[in-house]
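One chain, chain A, appears in both complexes that follow, with chain B as partner in the first and chain C in the second.
Let's look at the complex of A and B:
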């Protein structure tokens, strides 16, 4: 199935070459677990501070069980804040 | 040093400067800076007075930790009645001026009356004098700062001043110190200019003293710095990316307002984000971001120093803007960018330079232009009013042109100087002003982030994110994650954030420490430095007391629960698409609970019992 990943801020270094600033479209196994996708990009669990699927927050505890669906967009930030 | 226990009172009508002892009874209840100066203001002015008349006072106040070695302890605040809102104004600034004022031996300066002709205040330790500023009137912030440095031949002199927008009566003029740090919101600069006070120049050489328990203080300060360094947000995230890293985050979660909050979600967000600021540009291979920068004693250093592409149309023929200066912070980038539909990073950086150079609040300014753009697109404002400028969303050239008109006080500039509330009223479309109590929203849509709706509605200085930054919990999960879309639990969350923030703003510390510090990190630092009960409980109670006191000022100024409101757009027009689709603000559910938790009446008045409980 096709999903997309978006890596921001210091995690951008894990993006393979591509056109978009943050996003890569990928083919992955059906029902891939979120944390396995994160591992494929060599992102350590503590680096994946804020993880969204389609804009919705995914708690660290859910990430080992959460199965991706076709078309999902996974967005990941390291620890950041502002205001 | 903690309190110097000395106040400088400057009567501008009489031209007198006098020293008086700090009211230590009040200091033990209201700590310093925001809290203590608001107490002085509440006691000394009629809250119904004309904000731009001589009866308003303007207080520049440090906190007891300002000037100490505590991390971020360089802050000062400006407190007065706001001409933009009519409510209490308190604008906080970093840089180096606050610490310098402390080194000169003063906890605060109270300006009263109005000078007959332009003056500036020169403070050199105990030597204090008002000097003629006729030659500075009409000058920008940057020029004024340079001239005063030349005049006094002291590179260590710290200057806070107003620019031309304040002189011209722009209702959201800022006081800028150290050239690009600003007490930015609510028109505190307009009040300063209304008193014919152009600048405050300060040099202090008296160092640090007066700490209640210096050894314990240093241990608490060390521990606090350790926490900031080890925390990934304050130790790495903020220094590397600044606040601007939020642009993609808030857009990603479906809470980035765009085009006068008509839309949520901005397609150009990534082009004006922190990541874009770090990319080399085509013309010279350099990024927009030159370096990060820190305020006095700050171990976070979130500040941005930027340049504009020299080949960009806005600065091509203006070499004075080719150097590095204060760059975009998130709220400014949002208001100047997403809210106007403009994603040209160089144009936004240039306009941000102008905000610093001439001292006006980029949040209110960007949001006012956004309201004007919506009225232009609806045909309410035409090229007749704008002087031929096609003021449509996304028109970068138009945006640069009206900003230059504002600074020059020409063409459409005077209309924009009104702020969006008065501008929209003038053109018969008050509902298009995205304000609470007359002050414009910052960069979080209250339909997407429910706690921010309550935050804005109840903020004592009108719409503001820095009164209770629940984004921290609702989006970033700090200190604990709450659901953005839930209204349940938000009244408690907002109250807790409001009280903590009031205390931090009264201490001399920067609110950004609270991404890593809890009250258990902050209270020991205050407690070791200051006389009085500054335990965690004592600090929380003081925060609550300060919040209620500000509220009582506003009630006396004529505000009621009806003013704790949001524009109809945010209550009725649901978000059209994205992860927050279908949401509106549920303020009407949250507000009654909030009043109850606060111990206020159903119409939002502080009850006698609450006043007694908080010794108000």
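Let's look at the complex of A and C:
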């Protein structure tokens, strides 16, 4: 199935070469678990601070059970504490 | 409201959503600004310009030359001064009607809690997790509104805690396990990025004071400056949050 991943801000360094600066469209196994997708991009759990599917917040505890569906857009933002 | 105040804040009052009632709430308000750096600079300046009755500035730091590219409340001649003293001077020039108090050392423990309890709202403009966690905890314990901003490099975030609602708190978003050695000194930051987030903190503060905070409850905004990407998300209250779940 096809899904998309968007890595923002300092997480963009984890994207393989591609056209978009922040987004990649991918073919993945049906029912892929969200955290397995995140691991494929070598993003540490503490870096994947805010994880959204289609703009909805997914709590850290749900990410090991959440199955992706065709067309899902996964967006990930890093933690920020500076000021 | 005095005539000179009606004149000064006429453009606020002209807004049907604010009016004299909203402006009076702003004039009557007191706000603690924790951190007078990149976020606290524009935040405090807009709050003072907007007529907030009393601001308490808290920062233990001294103005350095490398601050001036983004910390716009400080000036070239402020280098070497306490940030709170420099900030107070700027705010008094902007609006002498706003009473500005300064606390030039690290607020913590009971003194931080008592200071938070004494104000209507806190703006967290600090730069580290331990301070953010402590400020959030005392805001929850004392039922004080919190507007929390953060920014570094080319990215930023902003959220708020409104105790009168079933609002998520900072620790619903960041668990106590978060640690970071990241700083603007090491990572860098583009000046207007902290300006944008600090300005939004002031905006949220004025909206909440004027009674327009309802749509901001549980609203978290993330900003990626390079692509001008904004993403807004509803952050649910964590029923297991160690800080706010009992409140």
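Note that in this section the second predicted complex is superposed on the first by the 80 of 83 C-alpha atoms of A that agree within 3 Å, B and C clash if a C-alpha of one lies under 4 Å from a C-alpha of the other, contacts with A are read in each partner's own complex, and residues count from 1 in each chain.
We take it that a contact is a pair of C-beta atoms (placed from the backbone, for glycine too) under 8 Å apart; a residue touches a chain by one contact, two chains touch by 3 or more.
Here the structure is a predicted model, which is why all the values come from computation and not from measurement.
By the touch criterion stated above, A:44 is placed in contact with neither chain B nor chain C. In the superposed model, A:22 lies in contact with both chain B and chain C.
When the shared chain is aligned, chain B comes close enough to touch A:54, but chain C does not. When the shared chain is aligned, no partner comes close enough to touch A:13: not chain B, not chain C. In the three-chain superposition model, chain A touches both chain B and chain C at residues 8-10, 21-22, 46, 49-50, 52, 55-57, 59, 75, 77-83. Taken together, the chain A residues at the contact with chain B in this complex read 6, 8-10, 12, 21-22, 46, 49-50, 52, 54-57, 59, 75, 77-83.
Within the complex, the chain B residues that touch chain A are 231-234, 236-238, 240-246, 248-249, 252-254, 270, 274-276, 329-331, 465-466, 469, 471-472, 475-478, 481, 484, 511-512, 515, 578-580.
Residues 35, 37-40, 125-129, 132, 149-157, 173-174, 177-178, 180, 182-184, 187, 189, 194, 220, 222, 224, 226-227, 229, 231, 233-236, 238 of chain C are the ones touching chain A in the complex. Chain A contributes residues 8-10, 21-22, 46, 49-50, 52, 55-57, 59, 75, 77-83 to its touches with chain C in the complex.
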